[in-house]
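The next part holds the structures, each set out as structure tokens.
One chain, subunit A, appears in both complexes that follow, with subunit B as partner in the first and subunit C in the second.
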Partner chain A sequence: MRLDLRQYAKPLAESALSVLIGVAVGTLLVILAGYSPVVFFKALFGGAFRSRNAFLDTLSYMVPLTLTAISFAVAARASVFNIGAEGQMYVGALVANAIGVVALPNGVHQVVAILAAFLAGGLWGWIAGILKAKRQVNEVVSTIMLNWLAFYLVNYVATYHLYDPKAPYKTEYVRETARLPELIPRTSLTLDWVLTILIAFLMFFLVWKTSLGYEIRATGINPTAAEYGGVDPSKVISISMFLSGGAGGLAGAFLVLGRFGFITTTLTNILNWGFDGIAVSLVGRNHPIGILFSALFFALLYNGALEVQVATATGGKTGVPIELVLAVMGIIVIAVAVPGLWDMVQERLLLRRKRVEVREEAAGTVGGE
Partner chain B sequence: MAEYAIEMRGMVKIYPGGTVALKGVDFAVREGEIHGLLGENGAGKTTLMEILYGTRSPTEGEIFVRGRRVEIRSPRDAMALGIGMVHQHFTLIPVFTALENVVLGDEPVRSAGLLDVQAARARVEELMDQTGLHVPLDEPVENLSTGERQRIEILKMLYRNADILILDEPTAVLTPLETKELFAFLKRMKEEGKTIVFITHKLREVKAITDRVTVLRRGEVVGTVDTAEVSMEELARMMVGREVLFELEKKPREPEEPKLTVEDLWVRGEGGDYAVKGVSFEVRGGEIFGIAGVEGNGQTELVEAITGLRLPDRGRVLLAGEDVTGARPHHLYARGLGHIPEDRHRRGIILEFTVAENSILGLQRLPPFMNKWGVLQESVVRDWARKVVERFEIDTPGIDAPASALSGGNQQKLIVGREIMKDPKVVVAAQPTRGLDVAATEYIRRTLLRMRDEGRAVLLVSADLDEVLMLSDRVGVMYEGELMGVVRPEEVTLEEIGMMMGGVRLEDIKGGGAKAEAESTGG
Partner chain C sequence: MSKGQLIGILVVLIVIVAGVWYATRPKAPATPAPTTPAPTTAAPTTTAPPQTTAPPKKVKVAVMFDIGGRGDLGFNDMAWMGAERAKKDFGVEVTYVQPRSEADYIPRLRELAGSGEYDLIIGVGFLLTDAIHQVAQEYPNQWFAIVDSATPDPNVRGILFKENEGSALVGILAAYVTESNKVGVVLGMEIPVLYHFEAGFYWGVNYVENKTGKDVQIIYKYTGSFVDRALGKQVSEGMLAQGADVLYNVAGLTGLGVLDAVHDFNVQHGKEFGPPFAIGVDSCQDWMYPGHVIASMMKRVDNGVYYAIRDVVYGNFTGGIVAYGIKEGGVGISGLEELQAFMQIAQEMGTELPDTPENIIAKWQQMRAMYPEEVWNTIEEVKQKIISGEIQVPTTDSPEEIQAIRQRYGVGVLGG
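Take a look at the complex of A and B:
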């Protein structure tokens, strides 16, 4: 139950090695495409530091990445594979946007919008949770379906009800009273960044320090033992999916109340954060502190990707095509995610083997009389 | 001809995890004898034989078959040398018929690769007549009993012309009657000149069937002796390295009022059929009520229904007079139930959790472990864990070590300790000493007796007949979901118990006059 720092040494070393392997393979790809790997990787990893604004922007990318990763991680701790952070984020964004346009006093307005988005996202996750708990519906299938439901729901509401009459391709701006204050004036770094870090610590507290967290982990590792321990697995699964969805909903709310202030009617400005969160969580080993670092790493890459194209365009030659940048990023992400995945698979196998061994031992003891 | 059918020299086996299973074992079996391989769990018996059969590779050592040095890399190699092994866990395909299972992998084929069913049947029937091992050949194996399945496994080996047979704990799954039949068969095989290695930890069986016996302890050979020249006590001493306490001290005790009552309980098993069919009994304070029976006769379902893990269809369960039928585990724990589950890794413990975390499994929502905000009280939990570790002498690197770092015996002590520290009125203990070494077994048995002496009601379900008879004040024998009878251990013979385990009711054994003080079965 104690925080033992040594236990983090191994995953950290593995992650570092993975990045190196990813870079090595990526280097090959870049050379094959005829570009300088030095320039390429300098821009990819260093791009985020090219200016103060770029760096602050990178930090603000951490917000949706961290929250959607937490959405994945909380469910994963209960052994539920939540692919639905994307949809949970959509409904959170919509609800935050809808509340953001009504008149409420500053201070209250943000709180109401954030809480409502949390509940909406939570409800969206809970649907998948209750379906799994009561009807054994596979959560991967249901959350993917719910993602599409959320997409078209938000698309519909944004197009027909919440659109901005002056710019109908997007929703109405939320009022100033609903916007989150900027941490540093005229940058994209807003209060949600601080809240996100707090939420990551909150997740740590919830999962490792409370009875509910105990039951979530017990259910995730060994549901039959959890049941024996007085845990109602279906309750734990639906609660953890509610909390998961809530985190996804917050990601949507913070994008709207912080960075953007609106959603495009086809959701283009908030797309895909939910899916990226899965990778962030895997790299962060489904651990909130790991997720914070992993989200920072991903944010650096995203920002660096923009810079790569500029940096490699020299002397009339156009820069690296974005597809190559994405491919190299993909390789690095896969390399980094593999150890985490490997651990998850190993744990399952190890557990199964141990159970078999116990059965093999099983034969009573000395037969005496 | 060489004196020895099999000779293994200097066998060493180190598992990848670093566990040394065999520390230089010399083992020799004479042609045409029944050779016992005796040892406790983890002594290395199975590992040694798996090396001989080619399913495990030795780290070091040489194998000679009939004087010739051989390399055995797979069961196929072993089979070619005439060595066959019947594992403790059968390797049959449930949906195939008995015949298909026997010939699988060595099917007689006609031209064009068609299976020659006629030839296969003729050969297997001939084999059955020769050996006296009869099984219904056209029945899918899933419909057959464990005894029949074991016969199929043996036929499979004989079909492949094995003349050295290794049997790994073959009686573990058999009723006393089936065991008798198996022994008769083994003696016939010996007369026909086959060599048999018989792995067991049961002293009585060694005396009953073997010519010579090799005793293993912790990966080393203690000795090889002629069975006729040693007593059971000497064998026991060789096996465990010290005198075994066969009799635990059990003080006479007047039982109190019933604390656990089961009335006409009907419970469905995994398949949906009734696994428990109208079982009734009561356990009083200060009493151990044992349930004996071959495994798989509904004991698991009975225990799960009593402990809130499975909903009964009909009937009632009363805990200290209160109807708790169908209540969930945490309700039962709050009302004074302690449960030592039969499969500790599936139910009782979470291997990845620390010792401290495991010490509160089932208590995580109760004060003082949780405060009113739902936060676990770490210092309370840690104090509790330390107490459990101390009181139950659990050998652990610390309370923050994962439970997986503990030996099986210490994991079980952790479970038993946790359940007993709850101060329960009723303790349900299912297979509490399974797979444990002698010391841990003795410890757990003493603890159960102490529970009884303190006035708690103990329901003990165990496949280990000796254990049930040794500890219980009354014993119910379960067969196909019903109690065949309830008896006092001191008033019943082993044969009578064996008959009940094989499905004969007590009143039929006693000629209609069931014992007055023992409650008869319900349903």
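Take a look at the complex of A and C:
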């Protein structure tokens, strides 16, 4: 695999500049609130490096972020705007939890639970894909609706069927045989972190080195041209949505099998990772390697968000409230996501202009004859 | 974007950043802390420590909330209030952490414990139980406390409250006040702590039924959330539509929606006072909608937290369970004293009162005077009997037993 470093220089430089802009705007907010921006940003970016274990715990946040980002990115490569990673994750978590409580031998148990969650999430994504491919249903609308469907479905099953009789606010713990082992004791870093990195590279291979990946990208750039070239866009769209959903399902499975061992009946312990994934993917330019870096960046911020509260509480003053920390984080994330969004819009505009030019040229040639 | 523009933006940015740096640097350590006067009447049960025995060293305490966090004007804010009071009284350093998501619980607790900087780490809320239990095992030399729960670890103090006792008192009030003979309970997530509220409230309603021959129907509903005010309002509106005219809030921030619903209902029907009435929880919530909140079941989480810090300061902190009931000042029904204290606290926290304190108190007294002495006397009488041990209010931690209790009192679920 040959990497041309120059092609990464531009996005990296843009991202760095964006972080600076975000920090500059955030600085104003922090000063207005009466805190020291130096302490604030030192803690926000540096909290994860406070200790070895803090860093390893921070890495563990990459797992759901990377997978839900991949869920967004695979679809985005086929020009499908998948907002449904959240719901796909719920479904995956539920299936992993349901399989996790039955008796199976260690080793087999994890594999079965993970594969089933992948399939379930995949099918959930595929529904939106097939609706778009066959009936031109807008995927933004359908995936948002499917998110709610998934929420209430999982809520229902967890509340009435999978609940823990001793603690009805949550589901039954998955058995030890289904848990993913800790990579390093006393950290939240479990085996799923390694699997997640592997999956990111697998996605890179799939989208850039296989003919299916070529078809996905071709459909994404211009479905009409791809169809003319022998690609079946409706097949590609449904397949890419299946893979998207699968990635979302894995995020849910790993949260249950790796981190928590259960879900609360109102899903409070797995909420929002799917939506975070959209931002992670945009910052990572919908590219698996970019997503890994972007997920690491988000993970640093997530750790920092808590560190800031402690670090700014000095001299009898209470720390920065979490709401302000999240607002500053939001500003930074928006700033960093802008270049990626800008590129996406630019490409679209460029394509449209070219298409118009080609059409005009064709019309001109015809008229001239 | 041209090269010139880019350089321009960069220069502007650098100037901004440098300027901000320069402006903040010299005064960074000197930012004055906002001085808040001590709430004089807030803690009738706390004993002031002897001023002569200064604690030997600067004690540091970390308070960790669950994802509900500050701003609920109840449970979580009360816990922080206790920590702040301890800060003033003992000169301890307190800091709090509000997690972003439940995935933060264990990593952050490990981080706090692993830093070795804190003499005590307090987890606020039942949902932190598993995380505290796990991290307490990993750091056996670190003191922990958890509010509303307990773990088997010797280094963890479980701070519990006898919510059943306080709930019995408001249950009695509810049964007297209801005109439709239908009362409702709006609850958060189905955790054992909330069974205490249920059991006590049902007992209190039943006590009045036996005493007066009134037949009161009770409906309850678990909303599944402590953080969804709109959901609390929605569920309450359902209960009001079914004719319930006293609603007991047992749902944290979600429960503020109960107060909203009752207030809006009364306004829509052109009523200045209930019924329907809401019953507040944890803090004294009577001031929020004067005339519409008949009373609050006070749960002095602040005292529990305050005592834990005090014990660490004076070196007699112990693990194990402590349970605060009416006798220990842990729970109770709100009175004038609490109303005044909590209005003052709300103002100090920057919350705007709906009216001037004098008007709120006047309206509150008018509301309470709508009900005969017999009501208040009965409540006082039961309170004294609970303190003396003559009456023991039932309670439970188990889902099966609460189910049996509900059946015994004929309690129905909303929409079920």
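The definition used in the following text is that the second predicted complex is superposed on the first by the 355 of 369 C-alpha atoms of A that agree within 3 Å, B and C clash if a C-alpha of one lies under 4 Å from a C-alpha of the other, contacts with A are read in each partner's own complex, and residues count from 1 in each chain.
Basically, a residue touches a chain if its C-beta (ideal position, glycine included) is under 8 Å from a C-beta of that chain, and two chains touch if they have at least 3 such contacts.
This one's a predicted model, so the numbers in the text were calculated from it and none came from an experiment.
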Partner chain(s) touched by A:Pro181 [first = subunit B, second = subunit C, both, neither] = neither
Ask   = Regarding the shared-chain residue A:Val39, is it in contact with subunit B (first), subunit C (second), both, or neither?
value = second
Message = If we overlay the two complexes on their shared chain A, which of subunit B and subunit C does A:Tyr228 touch? Say first, second, both or neither.
response = first
Task = Considering only the touch criterion stated at the top, classify A:Thr210 as touching first (subunit B), second (subunit C), both, or neither.
result = first
Message = Tell me the contact category for A:Ile322 with respect to subunit B and subunit C: first, second, both or neither.
response = second
Request  = Between subunit B and subunit C, point out the one touching more subunit A residues.
outcome  = C
Query = Between subunit B (first) and subunit C (second), which, if any, makes contact with A:Ala218: first, second, both or neither?
reply = first
Inquiry  = So in the superposed three-chain picture, is A:Asn53 touching just subunit B, just subunit C, both, or none of them (first/second/both/neither)?
reply    = second
Remark   = Check: subunit A residues flagged as touching subunit B and also subunit C none
Query = Which of the residues in subunit B end up touching subunit A in this complex?
reply = 40-42, 46, 88-89, 169, 172, 201-205, 236, 239-240, 244, 246, 307, 309, 328-330, 333, 339, 341, 343-354, 356-357, 360-362, 364-365, 369-370, 374-376, 378, 381-382, 400, 404, 408, 431, 433-438, 441, 462-464, 466-467
Subunit A contact footprint on subunit C (complex, rising order) = 10, 13, 16-17, 20-21, 23-25, 28-29, 31, 33-34, 62, 67, 69-70, 87, 93-104, 106-108, 110-112, 114-115, 138, 189-192, 224-225, 398-399
Query = What does subunit A use to touch subunit C in their complex?
reply = 17, 20-21, 23-24, 27-28, 31, 34-39, 50-51, 53-54, 57-58, 60-61, 64, 155, 159, 165-169, 186-188, 255, 259-260, 264-266, 268-269, 271-273, 302-303, 305-306, 309-310, 313, 315-319, 321-322, 326
Key: subunit B-touching residues of subunit A, taken from the complex the two chains share   = 1-2, 4, 209-212, 214-215, 217-218, 221-222, 224-232, 347, 351, 354-355, 358-369
